[in-house]
Amino acid sequence: MCRWLAYSGSPLLLDAVLYRPEHSLINQSLRARMGVETTNGDGFGIGWYSTDGDGTPAVFRDTAPAWNNRNLRELASHVRSPLFFAHVRASTGSAVQQTNCHPFRHGRWLWMHNGSIADFHRLQRDLCMAVDPALFSCIEGSTDSEVMFYLAITFGLDQDVPGAVARMAGFVERVGKEHGVPEPLQMTVAVSDGQRVWAFRYSSQGASRSLFYSSRAETVRRLHPDLGYLDEVSDDTRIVVSEPLGDLPGMWNELPEGSCAVIPSGAEPDYFPFLPEPG
Amino acid sequence: MCRWLAYSGSPLLLDAVLYRPEHSLINQSLRARMGVETTNGDGFGIGWYSTDGDGTPAVFRDTAPAWNNRNLRELASHVRSPLFFAHVRASTGSAVQQTNCHPFRHGRWLWMHNGSIADFHRLQRDLCMAVDPALFSCIEGSTDSEVMFYLAITFGLDQDVPGAVARMAGFVERVGKEHGVPEPLQMTVAVSDGQRVWAFRYSSQGASRSLFYSSRAETVRRLHPDLGYLDEVSDDTRIVVSEPLGDLPGMWNELPEGSCAVIPSGAEPDYFPFLPEPG
Amino acid sequence: MCRWLAYSGSPLLLDAVLYRPEHSLINQSLRARMGVETTNGDGFGIGWYSTDGDGTPAVFRDTAPAWNNRNLRELASHVRSPLFFAHVRASTGSAVQQTNCHPFRHGRWLWMHNGSIADFHRLQRDLCMAVDPALFSCIEGSTDSEVMFYLAITFGLDQDVPGAVARMAGFVERVGKEHGVPEPLQMTVAVSDGQRVWAFRYSSQGASRSLFYSSRAETVRRLHPDLGYLDEVSDDTRIVVSEPLGDLPGMWNELPEGSCAVIPSGAEPDYFPFLPEPG
Amino acid sequence: MCRWLAYSGSPLLLDAVLYRPEHSLINQSLRARMGVETTNGDGFGIGWYSTDGDGTPAVFRDTAPAWNNRNLRELASHVRSPLFFAHVRASTGSAVQQTNCHPFRHGRWLWMHNGSIADFHRLQRDLCMAVDPALFSCIEGSTDSEVMFYLAITFGLDQDVPGAVARMAGFVERVGKEHGVPEPLQMTVAVSDGQRVWAFRYSSQGASRSLFYSSRAETVRRLHPDLGYLDEVSDDTRIVVSEPLGDLPGMWNELPEGSCAVIPSGAEPDYFPFLPEPG
């Protein structure tokens, strides 16, 4: 069980959303309200895209708790980015090591996950076998989340993000059923190529982990004047997060079960239905 | 704010009290019930005396949370000791580093502390100046707890433990008042020379952190048959801990405000009054 | 490239061989003489069997360099064992994480390795596929060494140690050749079940990493009076190590290319030939 | 014994000087040529000033070796700065902890040091006593280097950098002599306020650690075309480093004993004499 946050919009010091809000992600690492665990202290990670650079995101991950990590606070106060991920981890059993910390990166892609694959130790081999052999040795850690990422890449993330994730989810459910695990998948997932962020909320049993997205900036500004940093942000600035960063009514919207949000959404609706594609 | 445990009695695998009980210390590291914080994830430490050896205790300390530390679990399952300390830390601001983890050791002495010295950054210099100059460079970390330890040594821990701690407490209160800090000291402290454990509960405002001691073994055995390991323990086996390890009535006794317990207590009463000695 | 040490004989404080000798293993972590690298600072580990206990060895591993690790020094000064492993790591590219540190443990078995599988990233998937599916999810790290261990278990380590290791080596060479890697295997390996230690020295190209074993204790005693701890050790006490712990002539014997040593050797010769079994 | 590098000039990706050069600082962490130790694996740190921001430098420090640290590599590839420090540490005994890693920061100041104060444990208390009481609790670690920094601040770093460092050095030598330590100080020090870098080379015995500064950019460009990044750098771009980053004749100049270099030097000479000011 973990908590995560994805930001897309006007370039921002990470600090503004990671530390400053009343119920910031760093605060959630110590006292989450909606999580299975209140503590998410088994490591953390951030990934960010630069306005310049070659499009490859930077990743900073550590096995220490986020709340007491001085290096994270330093970076958050000095790194400015138009699109970044942050994740605080509560291990469901796998080792607390840097290669198990989110976000995961492959090429220009970032991936992070909250949830789990039930009985993963029983399904792990079949899932790994389905990963493109050329990618097999890219799997450095021992989490279900990383295997899900490489399955999604194997299933065409580069061409069609929602489709690839749907095929990954469908495959996990098929392998689960083959091993007598009827409801294997529990996930809220964020993935980005540096241009857009796709956020998925889905679980086999239809009772997914919490996931929220912020209202359009102009709405937020009107409702949330205390967040000074919002004054300069563009209208398409959005945040997707496991738990609202504050309690102000109207600011945060729950992403419905079985749906996918894309930010920036532009003229499109904020989200559309998501269903696994039977493997 | 921290949680700690001190054990004295029949040689025991640390695991038996650190992991197995319903509300074990490791469990308290993740979800303390009586603490100022529910999470004590800013490092931990254990210190133990061997039945053989030269009387110098071993210390194992790490900045990671206790609940996910595999090395701690390994040691707890393989180290047997007749007298050991364990501590899980919640930093009140000082750096999360090994030299700030408890227990602290000097020669044959172990020391651990839960609480704090109010406005320590203002009192620190005067307190450090009072430490025996020959010991000054033994202070490796930046905690109030370690300075309290070296003050107690300076004030005669070797000759008279309760007296030295009383003089330390009195001195801290005097320095506090000199700096306009009326109620500077909050402490539950455990100290041992390898033969006995002294446990103190005191605070300037008379509202000290929780501290409990176990009833005599024969009582515990009768009341707590589920703790299998108690069957072989001697009658003088005792545990002092920030929070009871379980909920069974009659097993745990609160150490009163302003008192000191000594274990093994032998024929003596379980505790006696403790008051700072005006500096 | 790494350095390792295996000890079997009279129960000993680890400190006696890890720190005290002139060119101890901890010294080798900072300035190895015969290694490909002089520095072995990418983590370390120790594993030890107790005289009491259930036969499962304890393992203590950390990603920090051995030479500056205070916890290792503490343990070495307080843990006594009749059979223990120690390993200092120089990563050949895989992540520096606890699950990549040696020794590896499975049930009562310990395993450690110096060397590498050439082009491991290309062979990794085929090698992992050959691991008993029931063991697949036991692989927590990303090293060639750990995969070699689980292949050896898959190939019958429980029944016949030299045979299982020979089949593992033969399989690695077959998979290597299939991928156009003519000389894939470079290894000095130590494995133990808590009763005996098997040490292997082999490489596909016939130019293996250095490996030495100590002469029988009575010989060593006569030649090496300065190692005080040897006075009490039994005649069957032996050490196998990547580099001699000292420079005294006659004390250390190189294990020949393509051979396996077993300690205690009892009446058997000190070593016998080892060759991979064609897979 | 450590190695350090200070850069001032055209904004640069840290990677360009930390990793790319033939004998980069990261390379020096594993195999220094001119150091007392070849290995500098007891932690590292970087500090950098941003072109925007409030003038407070960011600091990233870790106790792991620099050569295997993935987060350092990530930052070096994504952080661009016109003035930054980097330091790889070889502990002379004090704890390996983040608060003992260089550079140290106070307000807008960065400070790093290679060398030591002889018998520091004997001089430490007197030196700490001379630190401005208002700064005493800013000392978080246990190194001589950090105490030197706070002494320099106490002695007027804000008004006169060379003067304050001269008074610090003079005071250390006076305290040393008072304790019968005739040649207490060994230092190469870099300090910056974000505008300029002052680099000092001095030792009581007149045999200081190595320190080099790069020739003016146009000279370097002519002599060192292979360093592609130099093509865009301004003429006042300079590097001061413990060991040359390469072997090209004419590129690196040794800073003489008892001197101080200031970069950018502008019209001033590259360095001027430095002598302690008798305390």
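In this document, chain identifiers A, B, C and D correspond to the written order of the chains, with residue numbering beginning at 1 in each.
The definition used in the following text is that a residue touches a chain if its C-beta (ideal position, glycine included) is under 8 Å from a C-beta of that chain, and two chains touch if they have at least 3 such contacts.
Every value quoted in this text rests on a predicted model; they were computed, and no experiment measured them.
Novice: What chains touch subunit A and also subunit D?
Specialist: Where subunit A and subunit D share a partner, that partner set is B, C.
Novice: Along the graph of touching chains, what's the shortest path length in steps from subunit A to subunit C?
Specialist: 1
Novice: Once you count every C-beta pair in contact for both, which comes out on top, B-D or B-C?
Specialist: B-D
Novice: Can you work out the whole-Å distance between the CA centroids of subunit B and subunit C?
Specialist: From the centre of subunit B to the centre of subunit C is 40 Å.
Novice: Could you list which residues of subunit C touch at least two other chains?
Specialist: 70, 95, 98
Novice: Of all residues in subunit B, which touch subunit C in the complex?
Specialist: For this pair, the touching residues of subunit B are 48, 50, 52-53, 58-62, 70-71, 74-75, 77-79, 98.
Novice: Where on subunit B is subunit A touching in the complex?
Specialist: 30-31, 38-39, 41-42, 63-65, 68, 70, 91, 95-96
Novice: Under the definition above, what is the set of subunit D residues touching subunit B in their complex?
Specialist: Residue list for subunit D touching subunit B: 94-95, 97-99, 120-122, 124-125, 128-129, 133, 136-137, 139-142.
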